[in-house]
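Chains: A, B, C and D, in written order; residue numbering restarts at 1 for each.
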Amino acid sequence: MSDTNQAMAEKYRNNFLKEVEANVEEGDWVKMCMQCGVCSGSCPLGKFWEHPPQEIFMMIRAGKRDEVLGSDSMWMCTSCYNCIVRCPRELPITHIMHGLAHYAKRLGLVPGNQPTSKFAQMFWDNLMKKGRVNELKLGMSLYFMNGFGEGVKTALKMKDVGLGMTKTKRMNPMEILGGHAVKDLSGFQKAIKKAQELEDKRIEQHGA
Amino acid sequence: MAKHEYSFYPGCSSQKGASSSNYLTSVQTMCEELDIQLNEIPDWNCCAASIGYAGGGELPRLTLSARNIALSEEHNPGQDIVATCAACWLSTREAAERLEEDQSLFAEANEALAEAGLKLKNDTPIKHMAEVLIEDIGYDAIGEKVKKPLEGIKIAGYVGCQTNRPFGIHGESYENPKYLDKLVDTLGGDSLPGYEKKVQCCGGALAFSEPEKSQEMVKGIIEAAYDHGADMIVTPCPVCQMNVEVYQDQINETYGTKFKMPVVYYSTLMAVAYGRSAKDAALDGQVIPAKQLDELAAK
Amino acid sequence: MADEKKFAGYICTGCGIGERLDAGQLETTAKRDGKMAEVKQHEMLCSKEGVAMIRDDIDNNGANHIMIAACSRRAKVEAFNFTDVAMSRANLREGVIWLRPEGDEHQETTQEMADDYIRMACAEVKFMTQPSPSGEQTLNKTLLVVGGGVTGMTSSIEAAKAGYPVHLVAEEAKLGGVWADLYKRVPFRAAAVDVPNSKKADLPQPEDPGIDEMVAQIEADSRIRVHLNAKITKTSGAPGRFSADISTESGSTATENFGAIVQATDYKPYDANKLPEFAYGKTPDVVTNFELEKLAKEANGAPLKRPSDGKEVKSVAFVQCAGQRSEKEGHLPYCSGFCCTESIKQAMYFKAQNPGCDATVLFDDLRTPGAAGEDFYRSGQQAQVTFSKGKVSEVVADGGDLKVKFKDLILNEDTEMDCDLVVLATGQVPHVGPDPYAQLAVDEAEDEEEKAKAQAILEVAPPSILNLDYRQGTDLPQLKYGFVDSHFICFPYETRRTGIYAAGPVRRPMDMKQAMEDAVGATMKAIQAAENAARGSAAHPRVGDLSYPSFRKEGCTQCKRCTVECPFGAINEDEKRYPLFNESRCRRCGTCMGACPVRVISFENYSIDTVNQQIKNVEIPDEFEEKPRILALACENDAYPALDMAAQAGEELTPFARVIPVRCLGSVSLSWITDALNSGYDGIVLMGCRRDEDYQCHFVRGSAIAAERMSKVGDTLESLNLEPERVAVYEVAITDIKRAPQLINDMAETVEKIGMSPFKF
Amino acid sequence: MTEVVATNETILVVGGGISGMTAALEAAETGKQVVLVEKRPYLGGRVSQLYKYFPKLCFPTCGLEINQRRSKMNPNLTILTMAEVTGIKGEKGSYTASVKLSPRYVNENCTACGDCAKAVEAEFDDDYNYGLSKRKGAYLPYRMAHPALYVLDPRIIGTDDAQKAKDACKYEAVDLDMAEETIDFPCGAVIWATGWQPYDAAKIQPYGYDRFDNVVTSVEFERMADPGGPTDGKIVRPSDGEEAKKVAFIQCAGSRDRNHLLHCSRICCMASLKQCTYVSDAYGEDADISVYYIDIRAIDRFEDFYEKVQAIPQVKFIKSKPASIVEGTDKRPVVHGVDTEGYNRFADEHDLVVLAIGMEPSVDKDSFPVDIVINREGFIEAAPENGGVFAAGSASDALDVNRSVQHATGAALRAIQVVNGAAGVEG
C-alpha cells in the first residue's frame, strides 16, 4: 500500500464517500445518484464493466474503497458522454469516472497492466514533453509498453495501418526525430507544474 | 457575403504529417470558398483530449485549455475560437465552462498561467467548425456555392460522440442529430436519415490501448452503413474518421468481413462539391479512396 | 301549489320522432289512455318557442302535472327545467327510434313501444306530487370538530374564516394532538421558480411545524370554542339539528347543537413492540420515527444523544416500512405514505447538527411524490444523507453498538452496518371508534367460526368517538384497515353518515400537508351539509332533491327492514319500534321503499305507485300475438345512460322491452316484480351497479341489497310456477354500451325458448 | 353577445376538468354563484379520456355522469365552454375577469341529432383520442359530451362543408356568423383548475417516440384500451394493428429527470399498474408484461393494488430506468438497460412500449394573469400573496384524481371565505 493510500485510508476511516468528495474530480456529485441505472445501460462499453457507474456510486456509499479504486471499470470509459446527457440527476459521470481513475492512479491502486491507464499516462507524458502530442512516438511507446518482444509483434500487426497512414502523408517517420512543439516550452511546463502544485495543495486542505 | 474571421485551434492531429492533416487541408479549401478566415492561435498546445486524465489532474488539464484560450484572447482578441477536432473543441469549451462556474479554479488556473506570463479572461465563445457552418454561414449560403452536386452518392452521416455530446449543435438531439444529413442534401448528395449508428461511439479512446474493444464498435458502425446502402461515411471528427477508416483491414481479418468503406470529412465533401481539385479536397489523404468523389473532382 | 292536479302532455316531433312515429296516434294515446287533459305537439319542443308554450300552460292554464314525450330524461335537462311542477318524460328518441331499425316490418312494434312509453309517462306523472321543503331543519351554522390535532385545528380555523362558528373538542389537555411533538415539519413547498437544478441548489429544508401559530390563531378567534380533555358522550339528530354532549374529565357535560360534524381524530402511532426483530424494546437506542421527534425537540438543535448512555450519535440508520407493507401478523399491510419524507427530514436533523454524522436510509421504494416530494429527496441527498435500497432483516444490539442486518438490493449481497441509533419508520393507525357493523357481523355470522371471528373483532374494538345514537351503530362505518375513507375516486368526501365528514389520517394515511388540505375539503362538505339541510335539500348525489320519505304508520308492521337496510343509517326506531325518519340524513335513494314489504314508504315524486303504474299501463298483447313484454328496471346513473349511449351508437334493442329508470336498484320493491309477473310480463331484467368490495353503487349498499332481495324472487316465481330464467339481475356499468341492450335482447331470446307467460289477460 | 350575470360575490372557476367541475359544484351546491370557464367544447377534461380509474378499476364516466347531472340541475352554475381567461384585474374580493369565447358555430338549438356530421365530409385528427383516430369537421366531441352540443371545426368554416352542415340542420342550430368575443365580468374569488398536459414524449429522445411506431404514451394507451376508443378497446401495435401481447411500461418517462420534468408525476406508477391489468385481461396467460421502474410509488392504500398486480404471473418488475429503445426486427421496440438489482444488462424486445408519461402543469408561468407564487416546476403554491386566487387539483401539484377532487373541494371553501367576506357574511 502506497503511503498516500495509507494516509487517505486512515484519514477517511469508514467514510469513503467523504474521501471521494474531497479528492475526486466532481466527486461531490456522487451522493446525488438515485440508482436508476440509466448510465450503466447507456455505456457503449457497458458489457466490459465489472462495476457500471451507478453500481460504483452505490459501492462508494457502501464504503467499498478497495473494490472501487482497485477496479478497472472506470478505465473502460471512452468519454462518449452518453451517461452525462441521459443522467436524470445531472451527474457528470464521465468526469467522475476520469476523476476516480486519476485518484486510483495517484494512490497506485490501478490493477497492473491496465492498458488504458498506461496509454493515458503515456499520452500525458508525451504531451508534457513538447506541449503537443507526437502521434508516432506515442504509438511506438505504446506498442512497446509491454516489453520489446510484445512491441515488435504489435508494431508488425500495426504495420499496414502505419503504411497506409504514411502513404497518405498522415504519418511522418521523420517525426521520430523531434517533431512539432510549443515554442514557449518552458513557460508551458512551468504553468502546468504550478497547476499540479496548486491542485495538490487544494486536495491537501480540502481533505484536512 | 461578409467575411467571417475566427481564432483557429487546429489541434495536434491536424498538424502536418499527423493523422488528420487531410482534414486541415480540406477545411482550408472549404474556408476559402466560404470566405472564412482562420487565424491560428499562436503557439497553441495540446488539450489533453479526454484521455489525459490518468497523468494529469483536473487543474493541470484545465490549465492546458486555459493557456490556449488566453493566447487566443491575447493575439486574436474579439474572435470566437473555432476548433475542427471534436476533442479539442470539447476539452476547450468544457474547461471554459468549469472555470466559469468555479471561481476558485479560475483563480488557480490564472495563477498557473502567470508562470507563463499569460492571463485568462475567459469570455470567448468556443465553437466547432460545424457550428460555424450551420449557425454562422447557414445551409442556404453553403448550398449557393455548390458547382458539382454530389448526385447519386449515398452518404451516411456519422456524427459520433464528442461533436454531439454533451454540447452538440444547437437545436439538434443527442440521439438523432440531423445536420450531417441536411448538409449532404444541401450538397446534392443522398443522405441516409435512417442510419441508426450515427451517434454510436467508435471507442476512439481505446483504439490504441484496447483495439479489439474499439474495433468491435467500429464494425457495427460500418455494417449499418452498408445495410443502408451507403457509398461512404461522412464525419466531423478526426478521431472518428481515423478510427472508422484505417482499421477496416484488421476488422476484416478478425471478423471475416469485406469492408472497404470510405470515410470522409464534411469539408472534403464540400471542397469537391465546390468544384475544387482532389488535392484541395485532400482526397489523396484517404486510406480507403472515395472513388465517386475522385471521379467527380476529376470531371 | 294547486290541490287539484291538472295534466298536460307534450309530444316533440323533432329529431326524427315525427318521421319515424305516428305522432297523431301518440297524441290519442296520451289523451285516451294517459288521460291527459290537454296534449300538444311541437316540431322542436326544446326550442325557445316550445319551452315558452309549456311555460305558458303552467303559468296561465294551471298545468301542474306535465308529461313530456321527447328525448331521454338525460337530454335537454336545462330546457325542460320546470321546477315548479311535477314532470315525467317519455323517452321516444334514445329510448325508441334510435334503438330501433327503420323499415315497414318494424313500424308496428316500434310504434307500440312509443305508445307504451307515453302511457307509462302519463301514469307516472299522475301519481307524482311536486315535492316541497319540509322545514324540518333551520340553518344552524355551528360546526362540531372532533380532534385537536393539526387536522381538527385547520378545520376549525377554516370554518371560522368562512363565517361558521366551531366547537373544537380535543381529548388531550392541549391542542396539537399527535403532531404536538414535531420538532420540524417536512417542507410544504417545492423549490422556488428561480432555483437552478444543481448539487448546490437552494432546496427546501425542514421547517417550523407551525403548531404554536395555529394554537394562537384559534385562541384569538372568538368564533372557535375549544373543549380540552373532552369527549363526545352522545350525538343525536341530523344535519342542521345535531345535538352533542361534550363531557370533560372534570365530569361536566355541555349539550350543544350543530349543523354538521367533522371527525378529525387523526391517527395513533403504530405499536413498535410488535417489532422484536428490530430490537425495539430490547434497547432504548432503537426508537420509532414518532419518538425521534420528541428526542429532536428536546435536543432543540444540539447534537442528538442516544438514549442509552447519552453518547452523541455519530451514525444513525433509518429502517423504512418498519412493520408496514407486510402481510405478517400484527404488521400494517398498507404504506403510511408520510414515512419516506419524514425519515429524510429526520436524517437531515443529524446532518444539520453534526455534518460528520452518518445517516443512512434503508428503503425498498422511496416514495416522495409530487414536486415538493422529489425536491425534498434531492434536498436530503444534498445534505449527504445516504440512501440504500435494502431490506432490513434484523437489528441486533451487541453491547453499546447496534448492528443492522440487511440485504443490499443494488449490490445484491447480505450485509450489515454498525450504528449508534436506529430509527424505525413506523406507520399510522387510524384513530377511530368501533366499526358500527361489528355487532351486525356477529348477529349475521353464517357459522360458528365466522361468529367467533366477528366476536373477537368486537371485543378488541376501540371505545366510541362520536357515540351516535343511530340505529346502525355509534361511529362512522369503516372502509378498510379501520380507515373511514370514502370508496369513491370521484367523491372522496362521500360519507355513510350524512353531515358527518372524516378528515385527515382517519380517512387514509397521510402527511401533515395533506391532512391540512383534507381538513379544508371536509369542512367545505360539512358547511354544505348544514346549508342544504336548512333548505330541506338532499345531500350528494341528489343535491336539490326536496322529496323525502313519508310512511303510513298504520300500515307499518315494525319489521325494521328499512331501519336495517338504509345504507346511510338514516332511520332510527322509536320506542314502539316504528321507523323514525330523519329527513336530512336521508339520501333519497329509496332503499327503504324497496325494503318495505307492506309498501308504506314513498317519496312525493318517486313511489311504489309511480313505478307500479308504469308497469301496469304497458299494454300486454295476448299470448297468441307472439309479442312478449320484457320489463327492464335500470339504475338511472349507470345502466340507463348506457342504454342511451347504446342508442347514440346505433345499437339495437328488442321492441318488446320496456325500460324504467330507477334511482337505485335498492329502491326496487319486490311487489313491482310480482305485479309485473302477474300482469303477464314474460321476462324481467334488473340492472344495477357493481356491488362487490369495489362497489360502484352510489348509494353504497343499494345494489347489493337489491341482489340479496332478488335472490329470494325464486320463491315468488315458484309460487306462480314460472321458470326462474324469467327474472335476471345484472351488474351493469355505464360503459356497457353493447352489453346493456344485449342483456335485454338475451332475455327476449330466453322467452322465445321457454315460451310466453301464461299470465296474460 | 354572451351575457354573464355576476357580482363580486361570484366565484370564477377556470378549467372544467374533474377539479374545476368539483370546485364549481361544491361551491354552487352551497348556494354560491359560480361561473365555470372551460377551454374545450365540453366538460370533464382528461378524466373524460380515461378508460378506468386506479385502484378500483371503475369507470370515470360513471362519476362524470353524476357530476354532469349535478351541473345540469344546479341554478347557481353558469358554464362557458370554448372559453379562456385572458385577464384578471383588481384584487381579492373584487376582480374583473376577461374571458375570450371562441365560436362553436353551433347554438343552443342543437339537439345533438347528428345530421350535420353526416353532411360534412372533411375529417381531422380526433384530439379526444390524441390523434389516434379521425373525426368529422362537425362533431360531438364524445358520446357523453356536456353540453351535448355539436361543434364545427374552425378549419371547415368558409368551405362548402360549413354550408353543408348548416343546410343539414333542421333546427337552425348551425350559425356560421358566430365570431370570437371577449367578455368582462366581476368576481370575488378565482379557482385556478387548469389541470395538466402529457409531457411531450418526442423530447425523450432515447425512447424514440418520434421515430418508432410501436412506442406510445400512457395517455394514448388509455384510449386504446377503451372499447369506445380508436381501436375498439383492442391492444394492438400501431405499426400493423397486430395484437400487442408483450408490452413494456417505462416509468418516469419525462419525470424525475433534469432533462425533462424534475418532479415526480405521482400518477404514472399507478396508471401503469392499472394498464398492466388491461393487457393481462386482454391476453391472459399469453400476456408478457414488463414494468421498468426506479421506485414504485403506490402510496398509502394503493399498496393493495400494487400487490394485486405483483400477483399476476405475467407481470414482472425491473428496477431500471431504461437507457434507450432501438427498433428491432419487424418494428419491434427493443428496450436496452441495466437491471440495477444485482446488475443485469438487458435488451428486451417487445410488441409495444408504453411510456408512463409525466404530468406537466397547464399553468402559464410566464404570463399568468395575476401575480401569484408558482414553483420551479410550474405548479401554483398556496400562498397569501395569491390573494383571492386559489389553485385546485393538478394546477397545484402532480395529483391523482382522488387527491385532485379532495384538493378542489378545499379550494371551493377558500373561495367561499373570500366571497363571504365580500358579502359581509363573515363573523
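Assume a contact is a pair of C-beta atoms (placed from the backbone, for glycine too) under 8 Å apart; a residue touches a chain by one contact, two chains touch by 3 or more.
Quantities reported herein were computed from a predicted structural model and do not represent experimental measurements.
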{"item": "Chain whose Cα centroid lies nearest the overall Cα centroid", "value": "D"}
{"item": "Higher-contact pair (C-beta pairs counted), B-D versus A-C", "value": "A-C"}
{"item": "Distance from the mean Cα position of chain C to that of chain B, given in whole angstrom", "value": "66"}
{"item": "Rounded Å distance, chain B centre to chain D centre (Cα mean)", "value": "46"}
{"item": "Distance from chain C to chain A - Cα centre to Cα centre, in angstrom", "value": "64"}
{"item": "Inter-centroid spacing, chain D versus chain C (mean Cα positions, whole Å)", "value": "23"}
{"item": "Sequence positions of chain C contacting 2 or more other chains", "value": "197, 366, 389, 410-411"}
{"item": "Where chain A touches two or more other chains at once, by residue number", "value": "34-35, 54-55, 82, 85-86, 89-90"}
{"item": "Multi-partner residues of chain B (each touching 2 or more other chains)", "value": "174"}
{"item": "Chains grouped in pairs wherever the two touch, ordered by label", "value": "A-B, A-C, A-D, B-D, C-D"}
{"item": "List of chain C residues in touch with chain D within their complex", "value": "14-16, 44, 46-47, 71, 74-78, 158, 161-163, 188-195, 197, 223, 325, 333-337, 365-375, 389, 409-412, 480-481, 483, 485, 487-493, 508-510, 514, 517-521, 523-525, 527-528, 531-532, 540-541, 543-544, 637-638, 641, 645, 648-649, 689-690, 694, 696, 698, 733-735, 737-738"}
{"item": "Parts of chain A lying in touch with chain D, wherever the complex brings them together", "value": "34-42, 46-47, 51-52, 54-55, 82, 85-90"}
{"item": "Chain A-touching residues of chain B, taken from the complex the two chains share", "value": "12-13, 15-22, 43-46, 48-60, 62-64, 67, 108-109, 111-118, 161-162, 165-166, 174, 200-201, 203-206, 208-210, 213-214, 217, 242, 246-247, 249-250, 284-287"}
{"item": "Chain B contact footprint on chain A (complex, rising order)", "value": "25, 44-45, 48, 76-82, 84-86, 94, 98-99, 101-102, 105-106, 115-121, 123-125, 127-128, 131-133, 135, 138-139, 142, 157, 160-161, 164-165, 167-172, 174-175, 180, 182-184, 187-188, 190-196, 198-199, 202"}
{"item": "List of chain D residues in touch with chain A within their complex", "value": "206, 252, 256-259, 294, 319-324, 336-340, 343, 345"}
